[in-house]
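All chains are identified by letter, namely A, B, C, D, E and F, in their written order; residue positions are counted from 1 within each chain.
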Amino acid sequence: MKLIIAIIQPYKLEEVKKELYKAEVNLMTVSEVLGHGRQKGVTEVYRGVKETGNLLRKIRLEIAVNDDFVKKTVDAIISGARTGETGDGKIFVLDLPECIRIRTGETGKEAIG
Amino acid sequence: MINSGDTAFVLFSAALVLLMTPGLAFFYGGMVRRKNVLGVLMQCFIIMCVLSLQWVLFGYSLAFSPGNSFIGSLDWIGLKSVGLEPYADYAATIPHQAFMIFQAMFAVITPALIIGAFAERMKFSAFLLVTILWATFVYDPIAHMVWGVGGWMRNFGALDFAGGTVVHINAGVAALVSAVFLGKRLNVGHAVPPHNLPFTVLGAGLLWFGWFGFNAGSALGANGIAVNAFVVTNTAAAAAGITWAVIDWLKNGKPTMFGTITGAVAGLVAITPAAGFVGVIPAILIGIGVSCICFVMVTAVKIKFGYDDSLDAFGVHGIGGIFGALATGLFANKLINPAGADGLFLGNPKLFLIQTGAVLVTIVYSLIVTVTIFKVVDFFVGLRVEEKEELIGLDLSQHKEAAYTVLE
Amino acid sequence: MINSGDTAFVLFSAALVLLMTPGLAFFYGGMVRRKNVLGVLMQCFIIMCVLSLQWVLFGYSLAFSPGNSFIGSLDWIGLKSVGLEPYADYAATIPHQAFMIFQAMFAVITPALIIGAFAERMKFSAFLLVTILWATFVYDPIAHMVWGVGGWMRNFGALDFAGGTVVHINAGVAALVSAVFLGKRLNVGHAVPPHNLPFTVLGAGLLWFGWFGFNAGSALGANGIAVNAFVVTNTAAAAAGITWAVIDWLKNGKPTMFGTITGAVAGLVAITPAAGFVGVIPAILIGIGVSCICFVMVTAVKIKFGYDDSLDAFGVHGIGGIFGALATGLFANKLINPAGADGLFLGNPKLFLIQTGAVLVTIVYSLIVTVTIFKVVDFFVGLRVEEKEELIGLDLSQHKEAAYTVLE
Amino acid sequence: MINSGDTAFVLFSAALVLLMTPGLAFFYGGMVRRKNVLGVLMQCFIIMCVLSLQWVLFGYSLAFSPGNSFIGSLDWIGLKSVGLEPYADYAATIPHQAFMIFQAMFAVITPALIIGAFAERMKFSAFLLVTILWATFVYDPIAHMVWGVGGWMRNFGALDFAGGTVVHINAGVAALVSAVFLGKRLNVGHAVPPHNLPFTVLGAGLLWFGWFGFNAGSALGANGIAVNAFVVTNTAAAAAGITWAVIDWLKNGKPTMFGTITGAVAGLVAITPAAGFVGVIPAILIGIGVSCICFVMVTAVKIKFGYDDSLDAFGVHGIGGIFGALATGLFANKLINPAGADGLFLGNPKLFLIQTGAVLVTIVYSLIVTVTIFKVVDFFVGLRVEEKEELIGLDLSQHKEAAYTVLE
Amino acid sequence: MKLIIAIIQPYKLEEVKKELYKAEVNLMTVSEVLGHGRQKGVTEVYRGVKETGNLLRKIRLEIAVNDDFVKKTVDAIISGARTGETGDGKIFVLDLPECIRIRTGETGKEAIG
Amino acid sequence: MKLIIAIIQPYKLEEVKKELYKAEVNLMTVSEVLGHGRQKGVTEVYRGVKETGNLLRKIRLEIAVNDDFVKKTVDAIISGARTGETGDGKIFVLDLPECIRIRTGETGKEAIG
């Protein structure tokens, strides 16, 4: 099993979710983070003074999947999140040795889906 | 003769009505998604600025100076001849400028109401143009026809105590037009959860408070009519608030905060034209009625027809205003206000017809001119932000600001 | 004869008092946990609606129409005979309905104060029933006894300028009863950090502002007594605010924002019955005194006895009201208000005894009837939400809404 | 003779001005980083408490009792001789205490304005000391000189309708001093994004609303001058708000919410000294002018000189006040107010010189005494919090509280 | 060492914490996330219109433990978080090759506790 | 590749960022979390009643790096975050088998930087 962590643009969340559903990936955990990457921040203006924030709002997805779903999931994220501009984000894939469903106590493959 | 009590009353009423625009900003601002809240606040605030100026420069003259029966003259531009002596045709006991500034606050809030319909997707520059044109070519003439010396609806006998037609129907129709013109927001289902419902509640509280200035102040003196308007305003808001809560309870299982304040605001809208002409029992009935109708509008009609009136500016203000104007034709009572007229339920069907006529004329006028304005502005500037700007949100894309920070 | 200055004054005072209920909503709403904020706002707002109606329908009649010495008659239901002419027994210079609507705002905020005690765990339906019963069987009779023509406490000579007994003691006692009846919230230690302390500060600011209408407005005219009430209100709030800050500083190492506003509100409560009868130095002493006592109540007594008065409705309003009513018996001064009486410190122990009597009677009456009401409602509907509903929070479980969104 | 209309007017004006301090608290509080918001709210609120007491105890006496030409006497301490009869030298138609409490609100908000300059880094104890000393040794004497019977600037013919010198220049200079004394905040670049911009907008809305009390109330009666002040206040705010938005648009690509409200507040500041003396066209010019100047101050001058006026208390209030006081010397018009004088543009250069003199004297006086106060307090208590306390934030380090919770 | 990530119902946090303390697991990092799972969202109502949100508030726990604590920790989480209804959440167990305590520079087993 | 997760004091974020930039680590994802550790909470006071919160605000950094950057990154975090008092936080280092840049589809070493 793998744990996939993706950092995407906030305004791409809806599209990524749509693509994931298409790929039959329905389970995920989402949070709001700030990212520092290659993307230059939007210039914001406060009382006439420009400020180029270097921590930008991003969405972090955490998705645990079985091995045969990894590619599908990664592809779905990419096709939902890509604009071709810097800031599109990254996907990290980690090994996931164990997974447990709290409700039933199931583990492993059964638990993940 | 200037009366200090009346002057104090009208000035504070004006201050209360001014406060309604920030109140509306929070009422609306809480409802939108977090990325668009400044967009809404900014539109409300800039209207306070732009319309305040438009009004003293030429708006007041267009609306209230003696002109023809459709529009005022330019005799009072820059407040020429609008001094500190009373102008008895409007208010005999307060300085003329007190009347002018009280009316200014109405001119400010009316276009602000429309914001609710096109929230979350309109270009700021287009919004600004539309606002100025609309204030000049829709609001000012309608105000003149209904309230201005020589205005034909005024002479016709139409009753609009504090702005049912001028303010609410007018803005409501423009709201519908704008929602249709701009089309639906992206990625938006039926209900968009308010990003900060307490802000919306705060806004509703300030609106209720400010509405005392709006309605009671329209008596233009601290007299019995003002007291009556004050009392029925409070009563109608209360009745409408409960009514919505009860409908929610019956239909959706629980009474909701958002529903209750929506109802209260609908009640405030509906009592506006009637406030100086009806008593407390009609006020209750008006409150109950308006919540029922608006509930149907925003939960069924809007969805059926598929226009995206984002924050229900048409569904609450337009419909509430129409209902209130007609209800005035039903319940008006000369015992409350001898300067008014009796309504249908007191045996005078004529008033009801007049009210219906005034409503229709306002709708038609507002519709035609608003459509024209939107067409023109769309042609020259374009109405809607780019898709990506909309997805990112108006705060960053239109104003280069974020409403909240994430860390400390 | 209607005086426009007095009428303007009373109408705006009524508007200010109306604003106190949203103010209270934020004062309380900021203090609760995030999942319960709409629960509190909704209770406050629905009270604005329900009590506004109750009052015009029959509450005002029960409280103020000439009845017997305990309660008014039903002669004024639906505001029958309550017109736009003055009713000299209450206020000779303003329309009767102006007095009525000013009093309406008191009837609204009083039950809202109680919310603080049962916040975060009461069923909405039960809350609604309790509120209506309590307004009718506790508030209206007490208001009649203290303020109504023929009311026995009024005739007895008890002084309650703006509602120390009627509003604060009354609500405070009910608060204690409700806290005891409902039991402790789940998973709650001694101090629950406010989810949004700035909201609480906003509420405190609006309360302070509105309280000028509450206290000065109770003079029912823009006269010297009103000015005196205004001045001592501000002074007592200030003195009490500092006092709490100092106590915090000494006892806990730092002055706190939450403490300072708690003190200020306690000061506003305590000066309420005294505002028309005492001068500025007594106001300072009352402010200092009430903060000391309330501090002990909420930090020691409450914890000692273990009742869960969630937001200290009893600890601040009940105790503050008792303290203020007694202090009126100490400091009242006929030089300030010839219609009042001299207090103990001016050599008239009788007033102090009368005040003590009035306090005791109010406590006993409110206690007995409130207990009965809670018993009845508990029996028929049940008072407390299910455990899981409480853990999930009232916003979702009672109103199917969330106050804030998490993303955009 | 007491006039009820005037009394109602002044009392409500006082209430509105009181509300400005919570308004300012939110205006400033929204701007700071999340960890410091209570620090700002607390400073504003404690000033409401401390200054309200200082004023009734001795501040009013120092400022307004007939003393010498620099300062009042101690004859009115504890409001001795300040009763409910009019004191005709100040206001002949309202109780003396009404004038006193109206002025109290000015004494409260003035030191609160300074907070903007030292926000996010000042020790609470030092802040408290500075505030009390400053109110006593700077505000009270300046108020006496400008407004007090016998005050030399008053006799000299300087015009300051509602506090341009006394309030804004005075506070602005003190703000600059405090920014320089305290040094820069740690880890802060040029622009610090406001942690909650809607709070700042709310504050701006309340300030605009309250400013009607501030400026129109300064007429001390519900008369023509009050109406004029009300109208030009609204107009100048509007003109300045738009101006800033336009500058932002031209210079930075987009109009901003933060800029627009900054402009509006600058406009309110600048019109303050002029409100009773100029008409609506000068008001527009004043609004436009002040936004241009303040924009340069906060975007260029401040950065050039490198002082850290955190929230631009000097850049907006100080500079706006100076500009307004001088503009009064340009635009004042006896047709508006016969008790005033004509300005330079009406052919009277003398007034402009007098105004310039008054501005300079105020600056010099405020500068010298404020520097002394800061030196003394620095010596005895130290002005700035420890580095770690500053990094953690004032909320936790100075008040042991957090403004918001993170979970439920 | 293992890094245990658990997604639980927000209103179960208190109980989970209690169970963890009982199991002598005192160190943890908590954050608020949104989860999309099998659980159907509560139906919320906004202005009379029903909305079934599909991202529900959840609490995410991150707990680094030594290998012999893994079972204890998982069991504690389960016993605190289980209601038996969908939405109870998941536990993910990742390998944790290294752990460092910033204050002391200690690494590995010593650092974790 | 490794995924480095660090929990630090919020008020140390600026310094940690500075140190990371010095070490040429520019990419990172930041979020706000609550931590329960050895550190005793600050005592807060609400209406005169003391409350010692046991979940304290912390900042969580997530940084994916190539193996040869691990030590540099860890050292940079330590030198920016250490005060020597409890509460300084922890660093967790996880294996990162795969990393993908959404914008380009690059994977592995190329994608990470």
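Some notes on this structure:
By definition in this document, contacts are C-beta pairs under 8 Å (C-beta built on N, C-alpha and C of every residue); 3 or more make two chains touch, one makes a residue touch a chain.
All figures in this text were calculated on a predicted structure; none of them were measured in a lab.
Common partners of subunit B and subunit E, by the touch rule above, are A, C, D, F. Under the contact definition stated at the top, the chains bordering both subunit B and subunit F are A, C, D, E. Different-residue interface: subunit B and subunit C share under half of the residue numbers found at their contact. Subunit B and subunit D have Cα centroids separated by 33 Å. Subunit A and subunit B, compared by their mean Cα positions, are separated by 44 Å. Taking the mean of the C-alpha atoms as each chain's centre, subunit E and subunit F sit 19 Å apart. In whole angstrom, the spacing between the mean C-alpha positions of subunit A and subunit C is 51.
Of all residues in subunit F, those touching 2 or more other chains are 30-32, 34, 44-46, 55, 94-95, listed in ascending order.
Contacts with at least two other chains are made by residues 3-6, 8, 12, 193-194, 196, 202, 252-254, 256, 258, 393, 400-402, 406-408 of subunit D.
Contact topology of the protein chains: fully connected, every pair of chains touching.
Per the touch definition, subunit C reaches subunit F in the complex via residues 189-194, 244, 247-248, 251-254, 256, 258-259, 262, 295, 298-299, 303, 312.
Contact residues of subunit A toward subunit E in the complex are 3, 17, 26-31, 62, 64, 94-103, 105, 111-112.
Residue ranges on subunit B touching subunit C, taken from their complex, read 3-6, 8-9, 12, 16, 33-35, 193-198, 201-202, 204-206, 208-209, 212-213, 216, 221-224, 226-228, 230-231, 234-235, 237-239, 241-242, 245, 252-258, 260-261, 264, 279-281, 284, 393.
Partner subunit C is touched in their complex by these residues of subunit E: 11-12, 14, 32, 34, 42-46, 55, 57. Contact residues on subunit C toward subunit A in their complex (touch as defined above): 406-408.
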